[in-house]
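First chain written, first letter: the chains are A, B, C and D, and each begins at residue 1.
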Amino acid sequence: MSTTEASPAETGRETFVLNLGPQHPATHGVLRVKMTMDGEYVVRAEPVCGYIHRMQEKMGENRTYAQFLPNTSRIDYLSALTYTHAFVGAVERAAKLQVPPRGEYIRVITSELNRISSHLVWWGAFLLDLGGFTPLLYAFDDREKILDLLEGITGSRLTYSYFRIGGLYNDVDEAFIKGTREFVAQMRPRLKMYRSLVTENIILRKRLIGIGPVSAEMCRKYGATGPVIRGSGVGYDVRKIEPYSAYAEFDFVAPTFAEGDSMARYLVRMEEMAQSLRIIEQGLDKLPAGPVMAEKVPRVLKLPAGDYCYAVEAARGRFAVRIVSDGKEIPYRVKLRSPSLSNLSLFEEASRGMLLPDALALMGSLDLVIPDIDR
Amino acid sequence: MKNGLKEIFTGFNSLVTGMRITIGQFFKPSVTTQYPHETLPIPARFRGHIELVLDPETGKAKCYACKLCERACPSDCILVDGAKLEGAKKKSVTEYRLDFTKCSLCGSCVEACRDGAIRFSRDYNLAGFSKEEFIMDLFAKLEAEAQAAGAPPAAPDAPGKPEPAAPAPTQPPPPAAAAPKPEPPKMEPAKVDAP
Amino acid sequence: MTNLLHILLAEPFRLALALLLIMSFVGVNAAYLVWVERKGAGRFQRRPGPTEVGYAGLLQPVVDAFKLLSKQLILPTGVDATLFRAAPLLVMAPALIGLAVVPFSEKLLGRDINVGLLLIFALGSINVMAIMLGGWSSRNKYAIISAARVVSQNVAYEIPTLLVVITMIMVTGSMDLNEIVRQQAGGFWRWNLFRWDVNPLAPATFLIFYICMLAETNRAPFDMAEAESELVAGAYTEYSGMGFGVFFMAEYTNILLGCSVATVLFLGGWQSPVGILPGLFWFLAKMYFLIFSVIWVRWTFPRTQFYGLLNLSWKILIPVSLLTLILTGAMLKIFSV
Amino acid sequence: MNPNLPPSIPFQPVDYAAKGCHFEAVVAADKVVEAAALLDGAGFALDTITGVDWMAAGQMELIYDFFRLEKALRVAVRTRIPRDNPEIATISGVYPGANWHERETHDFFGIRFAGHPDLTPFLLPEDATYHPLRKDFVA
């Protein structure tokens, strides 16, 4: 924090403040980073958040559980389904609702599709940070296929609101299943292509290997999760550690790389896409028949007083919802624990002393979604 | 030294591979759709803004102003009013306003509706010059549609008659060129008693 | 009539005419290279690129030029007005002068001087200083960082470029561009690119020259100076309208010049590899192929870090180019004496 | 009692399936830093800090969530402080990641974290003087 900041008087060097954002190409949204620079070296980088704060938690206290549901798609708009999953999971846990297996399987399949689409956006945007424009459009081409699939079943391309308390908005159709199988078949060679085009590229490797090291200990202290901590050698994945929904029935690995540098985080996400494809394939193979909605979901839902947590592995890490209920129709308190906030909070410490382009590469490798931080 | 040379070789090779991939893509057809010259099909479950459904038997709105949608709406953007007409068993809708400026297209209203009296429209080219244009009088719109469709008489011979005004949500969309979007009806700013 | 032509083709009219032609060529060229770049980028990214203005967007450069011309030239508060205004001109001028000595065909060249190569590389460095001035005078932090980067980048590529050029001068024994081209007559195996007999590492020499040219023209993957994801637009951040437009034109003109020099030095200039079609055609074909490859490179790779370029330069390019220099010297000594 | 938990904190098991948490401890407000330090020593990561305004009881509740990285073990440390003078010691010295969570809680509830390095508004506008998640907050 401020104590470690080297003052110009100590070093005999003059610093200046460089404002990155709130409107800056590297911040992907309205994040502002107040950078104290010594030439191109970052002396201190202080993220300033809140530019698109919407007080989602207060909105949660003003509407019924079902009415809050659309909001959950709008926190991290890139992995909307996983966020909805956490919220409906918490409510179902409190209301003791049992989602039918088909519903859970479809939740897993769509969440994983969503994870791939989120990682694709990250991949493209990250490469954009690093000055490569073309991968972004290749990624969007593939993501478009996912959005088409999800739009086909949910009716929306980004803010899906597909999960319902007790199940799903509606069942998937044959077109979705067929389309998803086709997508999985198409995506595998694309991932290979991405690897030869970008991952193995010497320029990219030189820019990422050894840059922005984040230790496992730092992740723990800051509560960083998701690909950030898995890139630091800790295999923490909510899907594995606290299996929710139907994840326990799937065979996949949570890819872990020990280096802790930007390349490790990059590789984690690339490998995760391949793993998500595996999960989707298994899900489609094993998709049980039956209803997608739990029976006897009360029209007016009142949760018993108490507090209930539910955590999921969103594309950016652990997303947890804590609902405090006082037995009424509307929640007393909804706490949203966003992964991006914790992941970004280590940026100040991790970026100290880095060169500006490397610091931006580090920031890109954290995969920030600003609405998720600001909520 | 050996490692350095190896790195130079693999590095150079990776660059050549990259360029081979992009030139491969160069000669493939483009994947984009040239909107607005061409449009993509709208999926059957597309969630647009809502609209009232015409009852083909009566030529009137199916909605009987039960206000379930109004209550389900998380953003308070629906205003429904109804009155009991003489001799009718149920109420019928007399006013249905959607404040689209607040609507988040979540679809809770359609889900709440028990009788399929509202559905998602297939309008997506929504643009306007003022906020008031987006306070939609859906009831007036439905009346206008019914008028345009020639105010169908309560046709006894029409069990299989296709819906005249708008395609049913499950049908594929009309070809883009064939159906220029009708001018949205002029609407007065609604007196929505929003908080 | 012939008298008039003689007068017109005599100095200094010839030079004035040449500059006029070059300026119009460069203007049109820059405008349409933007179009090619956008179309090319589109194709690399599987999209059509500009399509709306004119057939296949062919009028897009015209519209863009009008837009840039109609914009206000904003002079931000606190800038050094003289330097700020001079920078775009200083960027543009050396490239234009350099093109005056480039032989587009055997006869079609502004001025046939015997130190053409020296002229181009002597003036080439001005363009770096001009970008630095632009960035420095802008009174903008991004621009100043960019100005510093341009200079540090210069340290990286200038030395290998000159080493390579010296090698080529040793191979050809001339600094006259037209003479260099004349020596490469008689089929593509006679190009300097394939002169194994005097320079066993000739293709590597070409590659080094190509990489340095990319760095010199601030093109991706060496566009750290304008690094749009870090420095917004680098040294050009504060420029508006045609001030920005001139920087843009200068970038393309520099690419044009760089590719021309590469064509002359390595690819036999206007010499036809197969003996048909006029020299001008072959020169332009080779040059535009090189320009296309520059675009191709840009839309394939991410940006390097500036220490990446310095590492590349000092650890690979300079040793290799020194090696070629020594090898070439030795070969010349052994075989041609 | 779970052997992974520091014994000096009064942890009670919670039904995970029903609540989503394994252990919970209610501690006095002045014991929170100590509890955080013990949990830090035991290898827990900080999840989040949740404030709850119990207006009727005249109290503010703070829930500190922690989790283990290598196995399913989530614990919560709860404490209550008076609503009219909400002040508690910061744990940002133990967990630097708590810095932002505490700033956020300060924004929303007006809880002062004594010893916090920088309690300026985090998500709210920089001149904000209101605390929107207090139950008596009127927009």
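Basically, contacts are C-beta pairs under 8 Å (C-beta built on N, C-alpha and C of every residue); 3 or more make two chains touch, one makes a residue touch a chain.
Small disclaimer: the values here were computed from a predicted structure and weren't measured.
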Requested in this report: Would you pick out the chains that touch chain A and also touch chain B?
Outcome: C
Query raised in the report: Considering A-D alongside B-C, which chain pair is linked by more C-beta pairs in contact?
Result: A-D
**Report entry** Centre-of-Cα separation between chain D and chain C, whole angstrom
**Finding:** 61
Requested in this report: Using mean C-alpha positions as chain centres, tell me how far chain B is from chain D in Å, no decimals.
Outcome: 44
Report summary line: Rounded to the nearest Å, the gap separating the Cα centres of chain B and chain C is 53
Report summary line: Distance between the CA centroids of chain A and chain D (whole Å) is 24
Query raised in the report: Which chain C residues touch at least two other chains?
Result: 44-47, 299-301
Query raised in the report: In chain A, what residues contact two or more other chains?
Result: 134, 138, 141, 197-198, 201, 203
Report task. Pull out every residue in chain B that's touching 2 or more other chains. Result -> 15, 18, 21-22, 25, 31
Requested in this report: Give every touching pair of chains, nothing left out.
Outcome: A-B, A-C, A-D, B-C
**Report entry** chain A-touching residues of chain B, taken from the complex the two chains share
**Finding:** 7, 10-12, 14-15, 17-18, 21-22, 25, 31, 43-47, 72-74, 104-108, 111, 120
Query raised in the report: For the complex, which residues does chain B have touching chain C?
Result: 4, 8, 15, 18-19, 21-23, 25-32, 34
Query - Residues of chain A touching chain D in the complex - result: 1-2, 49-50, 53, 55, 57-58, 61, 90, 93-94, 96, 219-225, 229, 234-236, 241-242, 306-311, 318, 320, 322, 324, 332-333, 335, 337, 341-342, 345-346, 349, 374-375
Requested in this report: Going by the contact rule at the top, pick out the chain D residues touching chain A in the complex.
Outcome: 17-21, 40, 43-48, 50, 52-53, 63, 65, 67, 69-72, 74, 95-97, 99-101, 108, 117-118, 121-125, 132-133
Query raised in the report: Within the complex, which stretch of chain A touches chain C?
Result: 16, 18, 24-26, 39-40, 127-134, 137-138, 141, 197-198, 201, 203-204, 206-207, 355-358, 360
